[in-house]
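Note that chain A is present in both complexes that follow, paired respectively with chain B and with chain C.
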Partner chain A sequence: MPSMVRRPFFWIITLAVLAFALAPVYGNDVSLRESLLLDALYITLASNLNLMLGYAGYVNFGSIVFFGLGGYICVWLVNSYKWTLVPSLAVAGVCVSGLALIFGLGILRLRGAFFALSTIGVIEAVQAFAENFTPWGGSSGIYLPASIFTPLGGPRQALWVIYFIMVGVMGASLYLSYAIKTSKFGLGLLAIGQNEDAAAILGVPTARYKAMVYSVSAFLPAIAGGLYFFKSAFIQPSDAFDLSLSTEALVVGMLGGQGTVTGVAIGAFLYEELRGYLLTSSTFANFQLVVSGALLLVIVLFFPGGLMGWIYSRFPRTQKVLE
Partner chain B sequence: MLGILASIIDGVLVGLVYGLAAMGLTLIWGVMDVINLTHGVMIVAGMFALFLLTTGLGLDPYVAMLPVLIGGFFVGVMLYWVAIHRMVGRPPLMSLLSTFSVNLVLIGIGTAVWGTALFNVDVSLPGFTMGRYTFPGAHILAAILAAVIATVLYLFLQYTRLGKSIRAVANNREAAELVGIPTTRVLAISVGLGVALAGVSGVLIATLFPFTVLSGDGYQLKGFVVTVLGGFGNPIGALMGGIALGLLEGAVTPFVPVSWTLVIEFVLFVLVLIAFPAGIFRSRRGAL
Partner chain C sequence: MTALLEVEKVSKRFGGLQAVKDLTFEVREGEIVGLIGPNGAGKSTLFNLVNGVFAPDSGRISFGGADITGEKPYKVARAGLARTHQIVQPLTNMTVLDNCAVGACFGRENLPLHRAYEAAREAMAVVGLSDRAHVLALHLTIAGKKRLELARSLAARPRLLMLDEVLAGLNPTEVEHMIGVIRQIRERGVTILMIEHLMQAIMSLSDRIVVLNFGQKLAEGVPAEVAQHPQVIEAYLGNPKLAAELQGSGEHV
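Right after this comes the complex of A and B.
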């Protein structure tokens, strides 16, 4: 940790987080806050997916499961047990992370493409559970009463509180990505991504590392999911496990440059702004999937390094500063 | 007793269709180690092609299989050049992502054009009655056609020159290249065949059940399970895997809600991969 503080990149992250936190406060700009909230959510999801995708080279099609489950656990605790927001979020994060560890221990013996396919099975399993589990309201979901915002000082103030927590979660994701990348654990993951057999022979505990990174990458998305669905005061299976969000996290990771911290954050920011534009334009509103699909195809075929790959090759010096 | 027999027959009939639906997926997977995530949407394309051909041109559903087969082949060759050619031999991550993105584009277009409404194609064939149970004629015919197609594909792979080239490329691409097999062309043809099979299975499934733009996903997921059960690229193995899946579904549906069946199948997928990495019904060495 102390060595991290001395590096410039640590301060770049800190500045970015502060900018996020302060930009809407200056001038009390509510619409800017909402748009930045979504940016922060995307950055959180993509950064944590990147721990799997970019570092260990494992495609996780089911990253949305963490987000949705976290949302469910948090909303359920707030609704049925009258918990306040922060402990619910913490419990949601811990539970989902623990569950991911159990799932991970089940599927970590599969490698490469098989692992990717079994993450689709995890989505199916969790969705089937949510639809059939009566305390979670089955397919109709859970509605929260407006009174949940009272402990946070009424709806108006609650939205600010939620925003600041979300920015905090985003910051934590970026620091986590950076910390893992510079750690021995991260080195092991990168080795797995390069050549899993070689890594195993050189003494990287591949199975344990994969399960750990799967579990770690579940924690912050679960909290983000809790916040998101607490904010909308409503959750149902089709929203919580919306596959397009998983997909978008993949697109974002590839767009920015898998395996980088900066690239994924910038990719998430750019993609969310683009999506906002597409959703409001009359021509593209129905073709959002087509656009993200085509974008992903072009990146995969022609720019596998993503945005950061391009920046690194044009300006090699940036590699020393931007992780 | 009769009930058990009837549910076994039903499981086999449904299973043969699952097997056919998985055959294109397992062929491409076996030949070039690419998991074609557009498989589900290609099945759906077959379904909608049938819908358009029967309502638009008034073709008989079973005659419509021919244009779908040919069209599917060309679509597959195109798919190969767009999304797969640059990915062959690279980490499976990349081909997963590239076919996945094509899938997104096609699903996006499909939902923009047709929405997610239910469509169906009416087929009336005399059924087969056994005591209290009736098996619809369309079901029986679909199962028979699935078995016929699998057999033809098997014979094609075993005994024709092109089929042998496909197996050679599957076995060792460099060695095949060295003995003068045009590997790129063979790969493109294999993807064409795989997609044509997906389209035809879509046609047959559409004669049995109503469908939406998104109904391919379920068959694609079952296809993964069938592939690991039956071994990679083996058409007869795919039928066997499909039948195993059909029987399993028949056995569990009385006891658990429908939404859980796919989960049970995926648990099976994981267990089989751990226990039998090469597939249970893998026939002798060199089946593909």
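Right after this comes the complex of A and C.
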């Protein structure tokens, strides 16, 4: 890692994270904080999905399963076992990552469209499990009492704590994406994404690498899910395993530029801001999926490299600085 | 000279097609062995069996004394056996340098990233791709892609290099350059097993030649012997004029 600290991109990430953390503190702007919290969530989901989609070239529709399962495990531990937030988040992350490793060893034998379809199957299966698992409240879900915020200093302060943790998770996602991209593991993943058979013949342990990246890409989204549903104090299967959020994370990746760290983060930020506007505007209410569909079409047709692809081709020098 | 690669009684069947049958041969340390035979003789299948793309139905393959029969391709690569593909398989959206670094990173020496880039640059210099380091592999010409295949497998610093028709589709100047490169690789102590259809080239490069026909070994020996072998002329060359040309090639090239 020391070599990473010497590169400008490391400091660009650090500055972005600090800006996120401090912007709402200045002026105590609660509505800005709520909006940035969702941005941080989208950046986390999209960056981790990018490890699969942009690096290893596997379309994962089921990334939302990590988020939802993380949410369930965290909320369940807080509710039924009276755990505090941080250990619940850690356990949620580790469990979901471990489950992903087991799932991954199975479904990553499939390729292309077959893999993509199987990930939708994973969503359905996990959602059906949650709907029928009594300790998780079945289809009506789990409600948390307001008292859960007391250890964090009451609801008002708890929301700030949650926000800072979310920004931390976002920062960790960005550093992780960057660290993987500049590592041997990352090179192997990129090779798999380009031509899996050729990569294997060159010596890349494809099965192990794919399972590893699938598992790694589950960890931070699970923690983000835990935070998100802890904050809502309510979780139910249809919110936790919403396919449209998975699809949006894919669109965000393509919008920003798959395989890039910066592009995916900016894509997620812009998309979430746009979505926030569409959701609250009276003309476009419930219209955001139509917009994401149209966006996807335009990107695939005219900007296959996404935002970063376009920037790289216009300003080739940025390629050396922005990963 | 000790045997580096030993193929013993290896067979492979695809449905009704017996692609390779009871094939036995060896490649000794430091040699260039040519593998020739008509289309469909089982040459590429043999490569796929050796480097683990397919597992043989029967028989045994050992490399450097260790049994590698049915071993996964990435393990075979790590053991020090690299190959090129007849139909080029570049990592299209990666630079030439990155392509070669993948070979170096995951090859025999299992190099860390920064050393892998050194090995990659070295291999690119050998095949003459240094000036294209930052070009995306998809933008290379076919000759460039063939060189990339070679550079990438060379960057792995293999003990044995299997070349699957690296000369096919190249113009005479490019062929000549590539032959020079192959000689240079051998001088670095890399053993080579190569499939080739360009007769003059393989006759002049190889120390020994193995001839396959219908998945079986038809003949084996030094180029001059093989070229005069009546069964080889009949089964593979057919044309007596070409045979005469071959017999003369040992002296000319």
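Here is the rule we go by: the second predicted complex is superposed on the first by the 323 of 323 C-alpha atoms of A that agree within 3 Å, B and C clash if a C-alpha of one lies under 4 Å from a C-alpha of the other, contacts with A are read in each partner's own complex, and residues count from 1 in each chain.
Heads up, the rule we're going with is that a contact is a pair of C-beta atoms (placed from the backbone, for glycine too) under 8 Å apart; a residue touches a chain by one contact, two chains touch by 3 or more.
Bear in mind that the values here come from a model prediction, so they are computed numbers and not experimental data.
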Checklist entry - Superposed on chain A, are chain B and chain C clashing or fitting side by side? => result fit
Item to check | Touched partner set for A:6, first chain B, second chain C, both or neither | outcome: neither
Checklist entry - Which one hits more chain A residues, chain B or chain C? => result B
Checklist entry - Touching A:200 in the superposition: chain B (first), chain C (second), both, neither? => result second
Item to check | Geometry of the superposed three-chain model: angle at chain A (Cα centres of chain B and chain C, steps of 10 degrees) | outcome: 70
Checklist entry - Touching A:132 in the superposition: chain B (first), chain C (second), both, neither? => result first
Checklist entry - For A:121, is the partner it touches chain B (first), chain C (second), both, or none of the two (neither)? => result first
Item to check | Partner chain in contact with A:320 - chain B first, chain C second, else both or neither | outcome: neither
Checklist entry - Tell me, in angstrom, the smallest C-alpha to C-alpha distance between chain B and chain C in the overlaid model? => result 12
Checklist outcome for this item: chain A contact set shared between chain B and chain C covers none
Item to check | In the complex with chain A, residue positions of chain B that touch it | outcome: 35, 82-83, 86-87, 91-94, 96-98, 100-109, 111-112, 221, 224, 228, 257, 259-260, 262-263, 266-267, 269-270, 273-274
Item to check | Contact set on chain A toward chain B in their complex | outcome: 57-59, 106-107, 109-110, 112-114, 116-118, 120-121, 124-125, 127-128, 131-132, 247, 250, 254, 286-297, 300-301, 304
Checklist entry - Which bits of chain C are touching chain A when the two form their complex? => result 51, 53, 72-74, 77-78, 82-83, 85, 89-94, 98, 101-103, 105-107, 112-113, 116, 152-153, 156
Next on the checklist: List the residues on chain A that touch chain C in their complex, please.
Outcome noted: 182-184, 187-188, 190-191, 194-195, 197-206
